[in-house]
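Look for subunit A in each of the two complexes below; its partner is subunit B in the first and subunit C in the second.
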Partner chain A sequence: MSGQSSPPADRRIFWPGLALPGSLWLAIFFVVPAYTIACVAFGQVDPIFRDAVPVWNPLQWQFSDASEVLGSVVGGPLRSVFLRTSFYVIAAVALSLIIGYPIAYYLARQEGVRRTILLALMVIPFWVSFLMRLLAWVNLLEPEGLASRFLRLFGIDQQWLNGNHLTVILGLVYGYLPFLILPLYASLERLDWRLIEAARDLGASSSQAFRRITLPLSRAGIAAGTVLIALPMFGDYYTNDLLSRSPRTEMIGNQIDFFVNASSQKQKGATLVLVLALFLALVMSWYLIRLARVRREAS
Partner chain B sequence: MRAHHLNRRRFIQLTGWGLGAAALSPALLSACGGGASESTGGLLIGTPDTPIRLPLNRDPIADGLAPESGTFRVYNYADYVNPDVVEAFESQYGVSLEISTYTTEEEAITKLRSGAIEADLMIGMTDASMALLMAAQLVQPLNRSYLSNFANIISGLQDPYYDLGSQYTVPHVIYADGIGYRTDRDVDTTVFAGREGWSALWDSRYRGRAGILDSYRDSLCMSMFRNGLTDVNTSDRAVVEAAGSDLADLVQAVNPQIDILSYQEIPAGNRDIALCWSGDMLAGQGFLPEGADPSVLGFWYPPETITANDFFCVLTRATKPVLAHCFINFLLDVDNALLNQTYVGYQPALEAVTSDLLIERNGVPESLLSALVTPDRYRSGRRLVNLVPEVDEMWIDVWSEFTAG
Partner chain C sequence: MRKRSRGLSFVTGAYVVWSLVPVLIAVLFSFNDGKSRTVWQGFSLRWWTGDRQQSLLHDPTLRTALVNSLVLALGSILITVPVGALLAVGLERWRTRAAATVNWVNSLPLVTPEIVMGAALLITFTNLFTGIPLGRPAQLIGHVTFSLSFVVVTVRARLVSLGPSYEEAARDLGATRAQAIRLVLLPLLTPAIVASCVIVFASSIDDFVISSFLSAGASSETVPVKIYSAVRSSSSPALNALATVMVLLSFMALALTVVVLSRWQHRHGGSGGFRQAVADVTQMDL
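And now, the complex of A and B:
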């Protein structure tokens, strides 16, 4: 028996009790919807109105539609959609890091009012709805748009909005970049800059100091920002919807949208949601393991 | 009208009704007179070959009732009625008109069934949803004594196959599938004759400047028409797959955009040619840049194409059914229908709304005369009818494979 006395009963209840609202929130707005999606995916279809009829008892679930979707993801038409989506997300995250890291780094090196102003300047454009900003892109990039006409002056005659992979990737980067910069900035802002000064004093070049000090210490921020933008990018459908509208750039979110909103096969859409969630859960697990490792190394 | 057309077509996909399922009850069967009816899954489905007279689910409202007062509620697609028409109706009847909108017929029926939406009048449903409206008992029989302008409707549509005798519905607008194009661009219009005309969309000269409808049945059928196949409700998987394969070739040839935005994109000059609905080009006049000549818009459709209409219906739970009848009658008036057309673009299903009248009164350019659907051409078109679930799923699978790239 330890020499410490156990905490009073009210404290044993009070502190865990603080987690109650959050737990309830998660239960109501995450667990229940997720279970409902499963009940739809493995449920039935109203024979007359073609509505999805969720089956709440897992013992009565049917997996024929789900196995069909899974087969398509593994070796059918949906495989190319999954691969294409993964490629877009990887490319967009990489580009976001290349663009976002220097911005976050620069912001973190500023101080006082200047930093506040720069932060505000970065965030203000994003007060405008994402939809409106993408529609502005459409106006600029359409064949008779300002940007297209300007680029044609230099001999660049691209069909930006007709199934152009680059346009979709740039659209994803544009939409999600701030969500990468902010956690990166938060991570870099806490960095002990004396370590870099020490590295320079000990003879490290600026690039060596960056590679061996700054970058390793900002890994948690990079991981957080990456996960933060990669997860919604995987489910994104409106970027492709607005900037391409071509089968050549179809993303998994577009297929989910089609099955759920435009077909009588909602159960297939629900199954795709589950498949995507499973995939993202694996990505998230990687992130958590990675984060734990970074913390261990830091301590 | 624009976005809703996709949804209208989308809804058609919901029309699988239980292949060879339970037969109707004898009482219901006996209630169906005047033509054959197809019973699938307990639903009453009319087709052009087997028109249907629907049983009355209740008595219509009595004759000679005074229009109600207060707020009159309409359930409609967004931007599918001219605000000037609304204002005129409100002024004439001393009521306020409140519009709730839906984006798909499926959504509309779901919300009406659940009671999430309460309305008096519904606008924009198609024959494909008639059986569902009846099965859910969402619509009530009309009293023709309030519809003094009913005779204005195109004669061929006064007795539609999906509702013989127009007991529950009144036709609203008509349209056809065809090719919208720019007359001021390098579009070869000499090919626009017979089914060969559909091949224009496969012409690589339009690469990056073409579009097709984001509507699986319309787009796949266009591919079938091109190959001389006219069974737009086929259950032959090989035929549908071949159509899907042709569409994949189309992507290789012209890389089209797949959407329902040609009514904007062609007038804006971003697209030279596209599969679209006739009403898209009529509506497109409103999307031309300021001062642009409306004759830059053209439309072509052959005899072998899809023609369709949507309709008005009074909802069962209407609290102002007399006003609902009055509003239908209001829009069956030629002047009001013409005023409405200037906003929504789509062609009213009225006999008097001829090409000449639309040119004279609404400024429809002569280049778009071909976008007007005459009663004869409406009759000669093909109708998308309900598909049984397995067939519908097969169509969706082919389309899904196509869009997956």
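And now, the complex of A and C:
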């Protein structure tokens, strides 16, 4: 087509015109806020009211306050919060994979109506509000709640809703596991099961076939699912707030929520938002680089 | 082989029970006759309609939360779906470096944790766009911003599967570019647009973080924000009733969409019917 070299005038404005409202929206309400966060984090503090005063010119940014916060994250009081957050997320993702993989595997091996029904059951949690699902567990885990009473029958008597690490980790698993199962299922569903039959025919035991064929071939799904649930977990604070509300289980999200919403030190909150976003951007780019390498090897 | 499969079916069954039964119990307790959300004292509609002060029907704070959630969800649909669908069509056909940039920016909200977006929007509304008050206007903007990418992804997936040939045929037959879109492309995009509506609706009424960061106190509490603020205080089963209504609304929206879509498929000679409609809405290959 000759349109490629010299597009007619209406074509040059028509498609961008359609994209214009959405592009403007993203620029004004996504890109500008991202920049504003930096302007507040590297801005000044009003000497009398201690309010954050954003500095819009990047040449006048000051990094002394921000580096103080960073120092606190690396070697100060915020370090334990960051380490705890990482520990919770790693534990919750690992548990989610241990629970979710077998389920996704089972789903992928089902057929027809049975598979449709099972998939529908897996999708239901998506349509139940996250807060409703947390509310359900708060009801169950209160001292007189059904789950607490049930566990007491077995001699397990604990304060579940008051700074219990296990409750927070299981709460994260409960909240985000549905989001892991479906991408895992999608990658296992595309798997060529004849390869496993071939491996079995050639003398591999079923566990060998799993380790050397199924697992490597579903690695992309595992990685995608992991990133998909780990990113929001790192920013989660409400699971923790509802199931614990104790400084003993505080995560980085709780600190951001506190500094941005409840304190006068908005600047500190803005810096923590930047630290979190930067950290997650690193995780994300690591994932994208790995993905590109795996794709290159495959082709 | 058989034995392992039995283990797997047990794990799957246990997961289904674990994921769904707590919610069912919470729904059940909205019908509790006592004030407890943990000890069953018999069936009643007290917390739904009976109690003159505290039931869902009579407690103004619960009603406000419900109305706020619904207004935000409907407002989000009205803005996000047209803007997002146009953006998807524009990006799919525009294909320049500028389009690639917009496309990249558009994918960022999908991987940004809500707390980052919520904090950034709050700080922007209090420092820069001070003309936009916190509360419903700010919340609406927040909801549109995080759901725009969902719509673009959904509509683009359909555009890719349709290909450019329908539009080209319309153009060859003399339609202008705008006519080709209005008369040919838009009707073909119906499933994706309907699916977008229900996705925006669901993600809006489910949202907690953005609504909470951008709220202006009790008058702009949405249902999730209300649940958050009331759950650990001594609240009554009316809270469970409120949460139950939201779950019912989600599923009604889903059911309505599936019915509309399967009718549409049927009328347009689609073969998939009900199953195809479910697949369109849930973005899954059933």
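Here, the second predicted complex is superposed on the first by the 256 of 299 C-alpha atoms of A that agree within 3 Å, B and C clash if a C-alpha of one lies under 4 Å from a C-alpha of the other, contacts with A are read in each partner's own complex, and residues count from 1 in each chain.
Here is the rule we go by: contacts are C-beta pairs under 8 Å (C-beta built on N, C-alpha and C of every residue); 3 or more make two chains touch, one makes a residue touch a chain.
Keep in mind it's a predicted model, so treat the numbers as computed, not measured.
In the superposition on chain A, A:245 makes contact with both subunit B and subunit C.
Considering which of subunit B and subunit C touches more of subunit A, the answer is C. In the superposed model, A:81 lies in contact with subunit B only, and not with subunit C. In the superposed model, A:142 makes contact with both subunit B and subunit C.
By the document's definition of touching, both partners, subunit B and subunit C, reach A:261. Look at A:163: by the touch rule set out above, it reaches subunit B but stays clear of subunit C.
Of the two partner chains placed by the overlay, only subunit C lies in contact with A:124; subunit B stays clear of it. Contact with neither subunit B nor subunit C is seen for A:150 once the two complexes are overlaid on the shared chain.
In the superposed pair of complexes, A:19 makes contact with subunit C only, with no contact to subunit B. Residue overlap on subunit A between its contacts with subunit B in one complex and with subunit C in the other: 142, 144, 245, 261. Residues 6, 10, 13-14, 16-18, 21, 41-43, 104, 106, 109-110, 113, 132, 135-136, 207-209, 214, 248, 251, 255-259, 265, 268-270, 389, 392-393, 396, 400-405 of subunit B are the ones touching subunit A in the complex. Across the interface of their complex, subunit C is touched by residues 10-11, 14-23, 25-27, 29-34, 36-37, 39-40, 52, 54, 99, 102-103, 105-107, 109, 115-116, 118-140, 142, 144-146, 174, 177-178, 182, 186, 189, 206, 227, 231-232, 234-238, 241-242, 245, 253, 256-257, 260-261, 266, 269-270, 273, 276-277, 280, 284 of subunit A.
Partner subunit A is touched in their complex by these residues of subunit C: 1, 4-5, 7-9, 11-12, 15-16, 18-20, 22-23, 25-26, 29, 36-39, 83-84, 86-87, 89-91, 93-94, 98-99, 102, 105-106, 108-109, 111-117, 119-124, 127-128, 141-142, 144-145, 148, 152, 177-178, 202, 205-206, 208-209, 213, 223-224, 227-228, 231-232, 239-240, 243-244, 246-247, 250-251, 254, 275, 278, 282, 284-286.
On the side of subunit A, the complex with subunit B involves touching residues 45, 47-51, 77-78, 80-81, 84, 142-144, 159, 161-163, 244-250, 254-255, 258-259, 261-265.
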